[in-house]
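Below are structures written as structure tokens.
Next come two complexes built around chain A: one with chain B, the other with chain C.
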Partner chain A sequence: MTISAERPVDVEASVPPANVEASKGRAGDWLSQHIGTAIICGFLGYILGHWLGNYIGNTYGNIANSGQNSIAVTLALLFMVIGWLLGIGALNYPLAKMIGRQPKGEVEYTGWSRYFRYNLDHKVVGIQYVVAVLGFFFTGGLLAMAIRTELLNPTVHVFAADTYIKIVSEHGTIMMMMASSVVVGPLGNYFVPLMIGSRRMAFPRIEAFSLWTFVAGYFVIFSALFFGGFPTGWTGYAPLQTQAGPGMISYLFGFAVISVGMMTAGFNLAVTIINYRAPGMTWSRVPVFVWSMIATAALLTLASPVLFAAGTFGILDRTAQTAFYVAEHGGSSYLWENLFWFFGHPEVYIMALPGFGIVGEIIPVFCRKPLFAYRIAAAGMIGVSLLSFFVWQHHIFQSGIDPDMRPLFMLTTELISIPTGFIFLVGMGTLYKARIRYEVPMLFCMAVYFNFLLGGVSGVFLSDVPVNVTVHGGFFVLSHFHYTIMGGLIFAFFGGLYFWLPKMTGRTTNKKLGLWHFWTMFVFFNLTFFPMFVIGLLGQPRRVFTYAKNLQGLNDFSSVSAFCLGASFLIFVANLMWSQFIAPEKSPSNPWDSLGLEWQTATPIPAYNFERIPVIMTDPYHYSEVGAPVLADFGNAPPVHAASAATDSTDPDQ
Partner chain B sequence: MTPESSMGSEENHFRRIVIIWVVLSIAGDLLFWFLVGPHIPPGRMTSSAKDDQLDFNILMVIGLPVVIGVFEWLAYAGIKWNARNKDTPESVGGPRAAGNKRAEVSWIVITSVVVIFLAGFGTVELYVGSGSGGGEGPNPILQPAGAVQAETAALAGTGTWSPNSNEVLPVQVIGQQWKFTYRYPTFGGFESSDLILPVNTVIAFNVTSLDVIHSFWAYQLEVKADANPQINNVAFTRTEQLGSFEVRCGELCGIWHGAMFNPGHVVSQSAFMTWATSTESKNAANTKILPPFAWTYVPDANGADGGYYPDNVVPYSPVEVYGSKQPS
Partner chain C sequence: MTDIIKKSDTPEEREFELRAHIGSIWSGGRLFIGMYTFLLASLAFSYFYLRSSNNGLLWRPNHITAPTAYGWTIYSLTLLAVLMAIYGQSRLRKGGVSEWQGAVWVGVVASVFALFLQIWEFTAVPFFPGSSGYASTFIGYSVINIMTIFIVAYWLETTVARSLRLSKELGGTAPLLSMDAAAQSFRANVASMTYFLGFVALASTLLFAMFYLL
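Our next item is the complex of A and B:
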């Protein structure tokens, strides 16, 4: 492998482009485009759409008779999202280009107001995503607390039956839609360019667009609560979907909006990783987190369009009187099931893969050892990504699908556990005979292995068709996916946040509060969800407000643990507020002594990331190696050597 | 794995871990198989319950060593390879730490073999159990002997069942918001809210829905088949023990999904015969006005005027003529 001795001339030096003016915080900035104008334009769009829908639909018999106008709700939400995007300024450039005009130069804002605007710096977008994702997560979490409150007693009911089912549906939908971007959005967008030695993402406008679309999608899904909610759970099965009230449109249209956000984010990531790698960064030197991002990007880009189509058919069924999903009029409820799960299965790998990537990235740093079997890690992620398109019918084994398909999907589902298992090989190999520093990020990574193991093994039980008869549709499968998604992905997300926040904000997080957060979250997470395996085996279905009396003890244990789990996040919020805003302490630029390229930048990271695009010489995992190759040639700056086993040095230069 | 150095304590790690793992796994598996296994839900009331309990136990016996192995490794890392531990030697990097061909190949081979074995074993169980109690759709491929004749006869209205005849008993399960009802085609097609079944009989459950998707989950019978509108989802099992069981709806079907459950009973064949024939005669007048027995029921497009009953009333829309004729 030869490395070109020629250095590409850096055209994109630190000088900002010609037609951008720096803003000096004038009073007129309030009249520029920011989240305030987005809200106002969204609101105006909502009113316009609703009026238009009423104008169109009021004469239709079924609308006049039922008093529910799905057409008005659809158009209201559609125009709201368009207004929102127009208001934030996400459509300025493409609209100007469309009418053949020179687009107005983007004003470069400095200071805190950047974070409330449509901003093209991937680092700003990353932080905006962090806030958005945490907002989503805590909303969904509050709804979960409500669910566990209801399940404290099988006969005393806190909520009315229809309120309860709305809460369940909203919790699931918000969490699933949040989780699909929880790592790709905040950490993927922030760190992929830094890890591959690039100044920017391939399509900065599309990146910012994906963020603002994602936030709009949250509002659309949340709006369901104002339209009477939807009763189908996050899986949205037809024809209950067709029977439901107008809140269903929030779900269907929200999915369409989120899928657009997912497609754009994924596409952007994939192109960036393929095309914007620094010279010398061959595929065998790409950090494992970036491998997970490209594997996820493939799924985001290819699976989301199916969701978009499925949601569109559902909206058409409810507004234009089509019958895609309505059996009585010639459609099929199986069409929704298959379309949804064809998206739905890659969706859950969109959630699992980033978790693997974070864990693979963090563990070598705290073990001071190279990542074991790097190529197998990469192969595992690509393998999971590829195979995830071939397993979807394992969600509907008992639905009455073609019985020839059942052994086939059982086989493919069992096979996908092979590449999924690779991440355990890689992790266990890296831990072997290491001298492990148990900092907060490392603890979260160990917890990911613990949790995902239980989640993954229970998945093998579910994939077996005979045992599936016992465990499908009840609390066993519920526990399985909470272990994999929350236990795997969310724990990895928090680990990644504790790991990378000092680089993102330049401020350390408080270690004591971090440890308290970790231990309470880990212990109560397991106390909440492990009993649910038993509850499921004992026959309690999902999404019910009542259950057999003898299961109350287990349900109560689970509920009380869930309340404690919810409380553990208060510790996190306290840590965030304290260490980032109230009493911040400056962090050194490489507090964990990591060899990753993203850590070889100054803190705070300058807008242009690297003064000169580095030439990469090797992969970033040469920890504790005598005579290890230099990571990269930064030109003026002294080259970075492999870190030794000694952990007290924060100076990258040895 | 080859030892990293010649120091005696260093090479013991892997061997020590493996020995502890073997001991714990054998102990765990034996404890599970003999103490917990026979009690694994849903019990042993039917052939599919027995099959699926066995399948679960096999999966557990294979899964427990995997879980024990990883947990043990993590615990060992927390105790022995911890930087807080003063005796822990420094990490050693380099190419030998970055990969080990033997470990990698063994891992891939072992996981592949286990996983493919499980897929094969599951398929065999599925065949042996004639679908293992799961819904196979309207054209099941795994049917117990005599099922095809029984089902065909039931639909034609000529089906019969009597004690000690070893005939398959077709039972139709009708799900609607928010209740299950049961029709017995071999007894004139009467509809009952009670699910009574004879023991030592192969039951063919024909599950359908009148409105949205439900799921017929007879817990102790180990039968789960989704009820889809206009689809007949067939599941088989053989009752082998007397007793009561619980039916719960397993697919979210609206507001009262949680309240959609009812008890069922497996009784002796003669007791069942008595119940069925007496209910058939008691309900004869009702059965006459029910929609004719069919595997699925297409609602009258006029909806509000009564749904599934063939009506002689002029439809309020000339377009909506379909629906009142049942499919054959």
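Our next item is the complex of A and C:
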């Protein structure tokens, strides 16, 4: 430890770093780099790339019945991404470094415009991520509504069969990519430095780069719709992949771009947690949310390169005419399946672990109890993270695996339920005999346990080969992963948003609207997806726009519930608009009486988070403990005792 | 360095921030190796998967091989860049700043030349990219190797450019060897880069053997 609790008193006044210039909006700022210039440069890049691609490959890479050239489409998307990054300013620093320069006069915008720029403040990046993932979620949600509309009737169709599968594919891909960053991006970037007592991220430029790459990836995947979509679902299986139209290039290239965003986000988070923990923040005092972030960061950093490689090989198949996934020319479609799922199963935990982290962080606050078996929770997360690399072949039990290998992967898959179960039991232990305050964030956390129980238990069933063979490719599997990802992660994300928004914006959210949002979302989520277990067991396959007549009642019930579920998110949007913009109400600095370090700094949070780097004395879970130790020494601020926030208050304004 | 330390920091805080920064360069370099290992492992997996499945006996008809003269030259140049960086770092530790700079410049030139050759090799491969499993994975290897050599060249070039700037900014007799925060950060970056380049040498050797010798 380098900083003692005894602080020198004569400190200089706080000033921004020398090469950072503060600006509240100068004349001519609109000429500098921002999202507008990024869009323009991206558009110009697209045109340039398309022209160049046609020039190079007009006799080489034509795609049948599409009027498109694969090289033109690939170069258009590549140049669009480069143009986008150039336009937003992401490449200023790497280019300046080549001539040995520091970027000159990086402007630290303080007004609204900072949210539309390449900003190095982790709090701004966190907010930018919130908007980006909500945009992803909105688009994917609209496509889900289209799917449920089509499934209202097995014989009267809204869409053609091929249009339907393209909608399903786009929905799945957008949602999975959104879910991979939905917590790490917004809440991880915003709160990890605050929770570990750091003033900054280790690599703020890499952090900002991850955001703008993530957004670029969204545009690329979305562009598939303009190229006629892709028919493979989110898994992109070959050989259908190699036979598909130009929309498939958007899918492959989009995955490659987003995987770069995921790698960089995970890399930065991991390095920050390892190195920037405040003095005294030993591994046994690290908040459980931070544990979930480092476990997720490890997966992001190590699994995403495999997705990048798989996407790159797919693009080479379509442009350079290689045959990685073409069995007739010495390749193998199973190669894609193996590479994809080697990334794809850790991806499931990239989505699940942050949800556990949020819940583990929130429930002690509303139970006023220490987190039960904290060390087991942390060990469980690391265990899940490690084991997730050894289970991928259960996705290909019926395709591309030696049948003799099935028992091994059945076993590893069942093994992973053990650390997952630990994490679940940590939650149950914390809830046991607690005097729970049923605030909106807590309700979302309780829902996570309910939903994840159904999702998790059905997952254990699916790991068994006989069950897997029976229900594979049907609505049972679909319901299982919606219960784990939406029922687990997305509920946790909203719980986290309701919990931390007062700190992020300084404004309180409307409790009544929050309760309406929660109950409608919880009820209609279950009414939408529970019938799908039954529909699946009755034999309805996924990704098919028609089904047996006797399943119409269940499908209609599920569809109507899905529309109501979609409407529940409008309540959230209304709450956000109302409480943040129309009738903003100032939030108390610590409305939930949390002991988390992030709540102990001022609201709004200063640019450098903490005036003095805190010295941590204990973990943040000593709720309701008599004689609880001092939480941390904040230098020139009065020390916060763990017991001082350990009231049984039911009024958040107290 | 100006953006990692606040002017208002106490000496202890400055020390903490500096240690965290240097630790980040150290652990970031190692994590980057981990990330890159998984990328290269994906390529190696593809190679061995297609080789062992040998679909339609089309793994490598007639044992056709990519041009070995190109392969040896690219491999040798990459290795030269790495060896120069390792030699340079050993000289830097003994105070030989100009020798380090000279060695790294040689490394930059070697890696740029290797990059050029790796791209140019596409014009000389004696097979169609989709003619076999080997041909496909070789094209994939070439693309990833272009990326790898580009990273090597970029890291070497930006480090030596930074050393020139720092020498001017810091002044004094041996600015890069001083205890100034910027100089410490610079040396940590050199150490991290050299470690990564050692990994590149090892990986290049394995991949070279797979694609040109096996």
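Following the convention adopted for this analysis, the second predicted complex is superposed on the first by the 618 of 654 C-alpha atoms of A that agree within 3 Å, B and C clash if a C-alpha of one lies under 4 Å from a C-alpha of the other, contacts with A are read in each partner's own complex, and residues count from 1 in each chain.
Methods note: a residue touches a chain if its C-beta (ideal position, glycine included) is under 8 Å from a C-beta of that chain, and two chains touch if they have at least 3 such contacts.
Note that the structure is a prediction, hence the values are computed from the model and not measured.
Engineer: After lining up the shared chain so the two structures overlap, which partner does A:263 touch, if you call chain B first and chain C second: first, second, both or neither?
Structural biologist: After superposition on chain A, A:263 lies in contact with chain C alone.
Engineer: Touching A:328, do we find chain B (first), chain C (second), both, or neither?
Structural biologist: Both: A:328 reaches chain B and chain C.
Engineer: More residues of chain A in touch with chain C or with chain B?
Structural biologist: B
Engineer: Considering only touches as defined above, state whether A:460 meets chain B (first), chain C (second), both or neither.
Structural biologist: first
Engineer: If you stack the two complexes on chain A, which partner ends up touching A:625: first (chain B), second (chain C), both, or neither?
Structural biologist: Only chain B; A:625 stays clear of chain C.
Engineer: Which holds for A:507: it touches chain B only (first), chain C only (second), both, or neither?
Structural biologist: neither
Engineer: Touch test for A:437: chain B only (first), chain C only (second), both, or neither?
Structural biologist: Touch partner of A:437: chain B, not chain C.
Engineer: List the residues of chain A that touch chain B in one complex and chain C in the other.
Structural biologist: Touching chain B in the first complex and chain C in the second, residues 327-328, 334 of chain A appear in both lists.
Engineer: Over in the complex, which chain B residues touch chain A? Could you list them?
Structural biologist: Going by the criterion above, the answer is residues 1, 4, 10, 13-14, 40-42, 48, 51-52, 55-56, 59, 63, 66-67, 70-71, 73-74, 77-78, 81-84, 88-94, 97-100, 103-104, 107-108, 111-112, 115-116, 118-119, 122-123, 125-126, 129, 131-142, 207, 211-213, 215, 217, 219, 222-226, 228-231, 233, 235, 246, 248-259, 298-299, 301, 323.
Engineer: Write out the stretch or stretches of chain C touching chain A in their complex.
Structural biologist: The contact residues of chain C facing chain A are 2-8, 10-13, 15-17, 19-21, 23-24, 27-28, 31-32, 34-36, 38-39, 41-43, 45-46, 49-50, 53-56, 58-59, 128-137, 139-140, 143-144, 154, 157-158, 161-162, 164-165.
Engineer: Enumerate the contact residues on chain A facing chain B in the complex.
Structural biologist: 161-162, 164-165, 231-233, 235, 237-240, 243, 327-328, 333-334, 367-376, 396-404, 406-407, 410-411, 414-415, 417-418, 421-422, 424-425, 428-429, 431-438, 446, 449-450, 453-454, 457, 460-461, 463-470, 472-474, 537-539, 541-548, 621-626, 628, 642, 645, 647
Engineer: Which bits of chain A are touching chain C when the two form their complex?
Structural biologist: Residues 2-4, 7-8, 11-15, 17-20, 94, 97-102, 106, 120, 198-200, 202-204, 263, 267, 270-272, 274-276, 279, 301-306, 308-310, 312-313, 316-317, 320-324, 326-332, 334-335, 338-339, 342, 608, 612-613.
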